[in-house]
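In what follows, a single structure is set out as structure tokens and then discussed.
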Amino acid sequence: MSSVNMEGPAFNRLPPWVKAKLRPNAIETIQRVYDWVETECVPAEPIYKAQVAKNKWVTPPLINELRQKAKAQGLFNLFLPNHFKESPGLTNLEYSCCAEIMGRVYWAAQTMNCQAPETGNIELLAKYCNDEQKEKWLKPLMEGKMSSAYSMTEPDRASSDATTIGCEMKIGEKEVVINGRKLYGNVSYNEDMQIYILMGCSDPTNPDPWKRHTTLVVPSRAPGLTIKRHLTIMGYDWAPEGHGEYVYENVRVPVENIILGPGRAFEIAQGRLGPGRIHHCMRLIGQTERAYELALIRCIDPQLKPRGKFIGEFDSNIERIAQMRLQLDSMRLVVLNAADTMDLLGNKAGKYAIAQSKVLVPVMAAKIIDECMQMYGGQGLTQHTPLPEMWTYARFVRIADGPDSAHRHQVGRDQLKTAPAVKVRHQAYQKKHKELCEKWGVDYVAFGGTDY
Amino acid sequence: MSSVNMEGPAFNRLPPWVKAKLRPNAIETIQRVYDWVETECVPAEPIYKAQVAKNKWVTPPLINELRQKAKAQGLFNLFLPNHFKESPGLTNLEYSCCAEIMGRVYWAAQTMNCQAPETGNIELLAKYCNDEQKEKWLKPLMEGKMSSAYSMTEPDRASSDATTIGCEMKIGEKEVVINGRKLYGNVSYNEDMQIYILMGCSDPTNPDPWKRHTTLVVPSRAPGLTIKRHLTIMGYDWAPEGHGEYVYENVRVPVENIILGPGRAFEIAQGRLGPGRIHHCMRLIGQTERAYELALIRCIDPQLKPRGKFIGEFDSNIERIAQMRLQLDSMRLVVLNAADTMDLLGNKAGKYAIAQSKVLVPVMAAKIIDECMQMYGGQGLTQHTPLPEMWTYARFVRIADGPDSAHRHQVGRDQLKTAPAVKVRHQAYQKKHKELCEKWGVDYVAFGGTDY
Amino acid sequence: MSSVNMEGPAFNRLPPWVKAKLRPNAIETIQRVYDWVETECVPAEPIYKAQVAKNKWVTPPLINELRQKAKAQGLFNLFLPNHFKESPGLTNLEYSCCAEIMGRVYWAAQTMNCQAPETGNIELLAKYCNDEQKEKWLKPLMEGKMSSAYSMTEPDRASSDATTIGCEMKIGEKEVVINGRKLYGNVSYNEDMQIYILMGCSDPTNPDPWKRHTTLVVPSRAPGLTIKRHLTIMGYDWAPEGHGEYVYENVRVPVENIILGPGRAFEIAQGRLGPGRIHHCMRLIGQTERAYELALIRCIDPQLKPRGKFIGEFDSNIERIAQMRLQLDSMRLVVLNAADTMDLLGNKAGKYAIAQSKVLVPVMAAKIIDECMQMYGGQGLTQHTPLPEMWTYARFVRIADGPDSAHRHQVGRDQLKTAPAVKVRHQAYQKKHKELCEKWGVDYVAFGGTDY
Amino acid sequence: MSSVNMEGPAFNRLPPWVKAKLRPNAIETIQRVYDWVETECVPAEPIYKAQVAKNKWVTPPLINELRQKAKAQGLFNLFLPNHFKESPGLTNLEYSCCAEIMGRVYWAAQTMNCQAPETGNIELLAKYCNDEQKEKWLKPLMEGKMSSAYSMTEPDRASSDATTIGCEMKIGEKEVVINGRKLYGNVSYNEDMQIYILMGCSDPTNPDPWKRHTTLVVPSRAPGLTIKRHLTIMGYDWAPEGHGEYVYENVRVPVENIILGPGRAFEIAQGRLGPGRIHHCMRLIGQTERAYELALIRCIDPQLKPRGKFIGEFDSNIERIAQMRLQLDSMRLVVLNAADTMDLLGNKAGKYAIAQSKVLVPVMAAKIIDECMQMYGGQGLTQHTPLPEMWTYARFVRIADGPDSAHRHQVGRDQLKTAPAVKVRHQAYQKKHKELCEKWGVDYVAFGGTDY
């Protein structure tokens, strides 16, 4: 069939059930993504850093060059699941295998047009836009000719309850007038950054709080839209994309920019909670794998022999290595299962599995990377290794798309809805217990029962 | 095809990839195991307790009755994987689904002849015995006519290093003479308990430490074999099986009782590290599910409304419920993947996945059950709920078949063997980095490189 | 001054500031308590177990004998702080040092009449009873002639909100008629057990929920009071005291048995939240020290040399030992500070420090003991060591006197009351920041400020 | 006595035993430090940031101005303990109270010449230099006229084993010639940075590995000494001090620059392990208090009301607030006890208490600050709050002066030295147990004994 070695590094940590599900084409693609990252991205790491350092808010020439090349090879937009007509054809599960590999180099996804927030935005536009809108925004995004941001969080609202979003949208006949503030979303310092997909409140008095909000597209340089400040993340400027805090003062956009229709923002937001939400988690697995590799290397560093032994000869470190390995692999199982669930049951049914990734993976990834940093001693926190950036990314993912407590809250409430049925079942157990105790002459209370 | 409802409680927490792999017959069997546990086992819980209380070291009549019935229905020995000719035909993965359900009632597995240590012992005997031995020991075990124990741990040796096992076996022409002490293994207070599968040291001076030991079968009432004391586990007597500490003084068994041959004990021990080692983990998932159900019920108890609200209306508890749910489901993924790995690649290749279950699952299960106990306040530690016994079982599994540090050690050492290859790859990265830096005129050290 | 060696084992883990505060008499007493425990209690450990095994619900003769002896030596009721006229004269801090030592043997406190719940009950009676009541109940309790229980928790109410306590008390002219159920409190199987100090609801419609409840004394064998069942704690029967679940059916006691007056139960409950609540924590430190000693011994066991090294030569174990030591000592600081705070500022002001002990110490103690069990491998969970009982005690203390979440809730709410003042201070900071930015021409928003 | 309000914010979280130990002068000083930080430092926070942003490697004029003022007020060098003749007179305990307050603003310590690494260096020089050396280096450092760094860590050696330090020092008759590399230590980009206190290997073949190393002073701009690169810490440049990686190529310093004498570096290093090592921990407590205040404020933010409630009305957050409060206060107890132990018993005897701070405090502080960030949702990781810098500082302290595993290793090894004595005691227990069992006719093995 294929000449791809399924025991090679592109596949060897995949669980057997996943390997068995990959179709020949997908196997080829995964291997090509691996080769791409290894030969085009890893070697160029210092070049990327140097180009960003030189020209902070410009997409590095290296990226543009690689994007051209990747597009030519068909390694573009791989994330878009096969049920979209624009899709290159991978399932979510198959893409997860790619995404993990991309995660090994922070910017590798970008060379393949698979970076956040583009992936979520492209999927949103593919799902909810009319043809005209697609032509205008989806097409250039999929061609990698511009970039976009999803603008939902507000500086003075609780991001764990989206119904409190306040950014005012007055929808007139021809225009929508926008006033408000937004937090996060890439900055338009970078010329490529062309549109904000903005969620605002257009009908504040609607009795149904889930129908008060509208989503529309705002050109990033619309008059009245200013960047209040550039946001650092744990001190990192996140260039050349960057995050910003924005002020909208009487920003006007045509009503044609509304997506799906007024009052349907939550419908759209729900839709975006699909794959887009866990692409971060997929890549995080790959990034954490690379952190783990650094820990392994540290263990056999011949220059570092405290008390005469390799670091990896101390059994505390042997146990640390094992614990990292076991935990990281269990997180991969969580992410892959979420992707597979979306493939088999759809994004809506996959909501729980997505939340499972979102809550469990970033915390664990940050913990593992932190442990790797500690194994590097004084050098672990410096730019000697990429570990500090990796940790910061993991920490960021824990908060991006909502703090984990918000996701837990949602899961917990759904779970509690199952409680009454569980209770009915347990009451039937108790009834049976009592019946049998009577039949066999057993003292019900003495052997586990209660009578209140 | 089958009339089984795959959304019903026997299946609804299984990940889609597992559901898709279950064959029609297996689906039927899983559903039948579910029905069996719900209608025959759960209702009889107080009866079991009462019978054990009345006659501590006798297998409860209830169990014997149910075993007859289960055997008649073909719900017997389900654990034995389909590659054995004696197997009823399930894969490890399919059996895992059954085992989780069995785990809902501590003794349910026993009614189906799927309890530890029988499952591991039966597999061992099926794998390594000659026909004569099979007739003598395997047959009655598979028919549920007697029970056995695996006797390896010693009171005065480190259980994390089996090469230190010291129990002396002098192999003569006709007989083996045994002297030593053993810890754990069910007690022969119970009449059903007929044989100990004993590991001892028969060739202490063999230069290869892995060839010094022999495994053989000892009748449980052999002259010279005495029970030094009955062992409690966290205070529980574990009746009607019980664990013991044993003394062998000149115990004599015929050489025909040797399994596989002298000096081959480690070969056998390796073989036993297959499914037998994670059956506990499989059942533990089911037991923890039941603990979780109790927490859910507590959340909606109308009598418990501190500060006027249901316990489940406090968002701290909502988050606790969610966290338990998410973590428990991630542990199921780990166990199911281990079972599937054994099916697809064999027990040896599955060694890592088995260790992953062994290290991660019991700790997490104990943590979740502990949280459930805490949600029951003062009642959580009493016999008001089965939670204390559940916690104790989880804690026991953490140490059974070796402490988790021993498993981590093994995994860690295997991982470190991969370090040199990883290092070679990273050195190639560095070489490439330097080459490209030179080519593009980038300062290598300034952008992430080191020169030592 | 004194011949006591302050570097000896009775003192050597006390922080210097505590040593410096101990008065000469207290130093003598602490040393005598140490000698008492080492010479009278530790050696008799198997005797105690054997006597309880023989005659489960009778106070072992050993205890009675030792109590006579301890009383004669003035080592009795040491816990009662020096501000009570009945006190033998120690401060809470000084008693803490004694209590830790007592904790080394589970029943040692009892030989000195310093066991729970007696200590809390005696303090309650000493604080709130009239002379007649003291003569009747306090005197025999302090003389060790009977024992008592505090009965507050109910099986069907949330123990984290005591205002929901429902046990009905109808206060007539001469008698109080009691109907209800109670959970916990030692069982009257033991003859010594003479009185329940009962909290019930006498005025359910009082608009002030804190004035609805009354505390009174019920003779343990009053007609109508039955033991519904004996409660096990994690499976342990806790003999010879035991815990029970009780039913009150028209139990009648004279109104003279009311303590302090009708409706004053919460006043009393508050008072009992003094030292009584952390005596468990004090003893737990001592018990955990003993668990730690067992871990140390295990580390140098010459019979246990996995891979040819002492267990204590593996650096994972060296780190474990250190971590246990450091954490346990930090918990001692917490307990001692709580005791000292009560001495210097009174029990009410010490409420926070008491909660700090209550929340942090039992969890940490259970964690350390669990680690010690794990270091003992297969033997760690059996009766080979007292570790399982120790763990169970630590787990019990975590729930006794309220689950830790209830205590956190109280602390958290008190803390949030300080938030407005903190906010005012921070707003003043912001104002100053703005003023200075203006003065120095600095961009306020760019350097950390927000304008919403 | 003093008009200082001991219930005010400068004192109100101090445990009573500490308050009682503070002398009147110290109370005045602590209050003055508090006033200084509140009125001079907090308000100037954005100014500091702006000045650093403008002129990265120059000490901000603000700092110099405040240093003059603080020196004039006697708020200078407070850290130097009262047993030095150069000391302003505080004990370590009293200084700890000051240091916590200084910690509220990252650079406040610097305005009082109490910043790291100066405090450790000044103490080192005060302790080990001769008068000539003191005049040359100690005096200007104490006057705040220059700054210094301690240079021990090397890029290619395990920092957990200082005997592997390799930097070569050839001690000639008049000069020492230095070749090697060093990691960490402030960069001489900043003009104030004048001297490196360097530890190197001068006698590599000395049979005693603790006598091979020498400490001497190197002028920061000595020929042959170059900064290989500036080190970021978790991405922060740590300006205006900065950390560096250094290359020494035939750097020559006069032999008069040797401190204490050749081969005595470990003696000096031991001496530096006194207060210098936990000043970070002291300040970290203050910094974490400020993070905690931000969490409190967030809880009552009227703009943030997810699901209609203040964040602080959710009981999950109430519990989080409580847990942070309780843990942080327990860490303060650890630090204050370490300081007090040094005062009462000296730095050497205080080694354990110092390690206790070092291991427990930074991890806990980082954990608490991380929780505070999470409570700020999306804004928690940005410069909206100082939390990211605070977390980074806590993380840095965990690795500074050695990773915590190294400290645990040292503590664990010391503890294991006590194991034989503990074992002897326990063997005596066993002997007593057996004697008494024989006397009372109790079965020793049945009640807890072992006979091997």
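Per-chain numbering from 1; labels A, B, C and D assigned in written order.
The rule is short, and it goes like this: a residue touches a chain if its C-beta (ideal position, glycine included) is under 8 Å from a C-beta of that chain, and two chains touch if they have at least 3 such contacts.
Note that this is a predicted model, so its numbers are computed, not measured.
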Legend entry - Per Cα centroids, the chain farthest from chain D: B
Legend entry - Contact-richer chain pair (by C-beta pairs counted) among B-C and C-D: C-D
Inset, instruction - State, to the nearest whole Å, the distance from the C-alpha centre of chain A to the C-alpha centre of chain C. - result: 47
Legend entry - Gap in Å, rounded to a whole number, between the CA centres of chain D and chain C: 35
Legend entry - For chain D, residues contacting two or more additional chains: 155-156, 303, 315-316, 318-319, 383-384, 405, 446, 450, 452
Inset, instruction - In the complex, go through chain D and note every residue touching chain C. - result: 15-17, 20-21, 42-47, 49-50, 53, 293-294, 296-297, 299-300, 303, 312, 315, 317-323, 325-327, 329-330, 333-334, 337, 340-341, 344-345, 353, 355-356, 359-360, 383-384, 386, 405, 407-413, 415-416, 418-420, 422-423, 425-426, 429, 432-433, 435-437, 440, 442-444, 446-450, 452
Inset, instruction - Would you mind writing out the residues of chain D in touch with chain B in their complex? - result: 155-156, 181, 228-229, 314-316, 318-319, 445-446, 450, 452
Legend entry - Contact set on chain D toward chain A in their complex: 153, 155-161, 164, 183-184, 231-236, 243, 303-307, 311, 316, 373-374, 377-384, 388-389, 391-392, 395-396, 398-400, 403-406
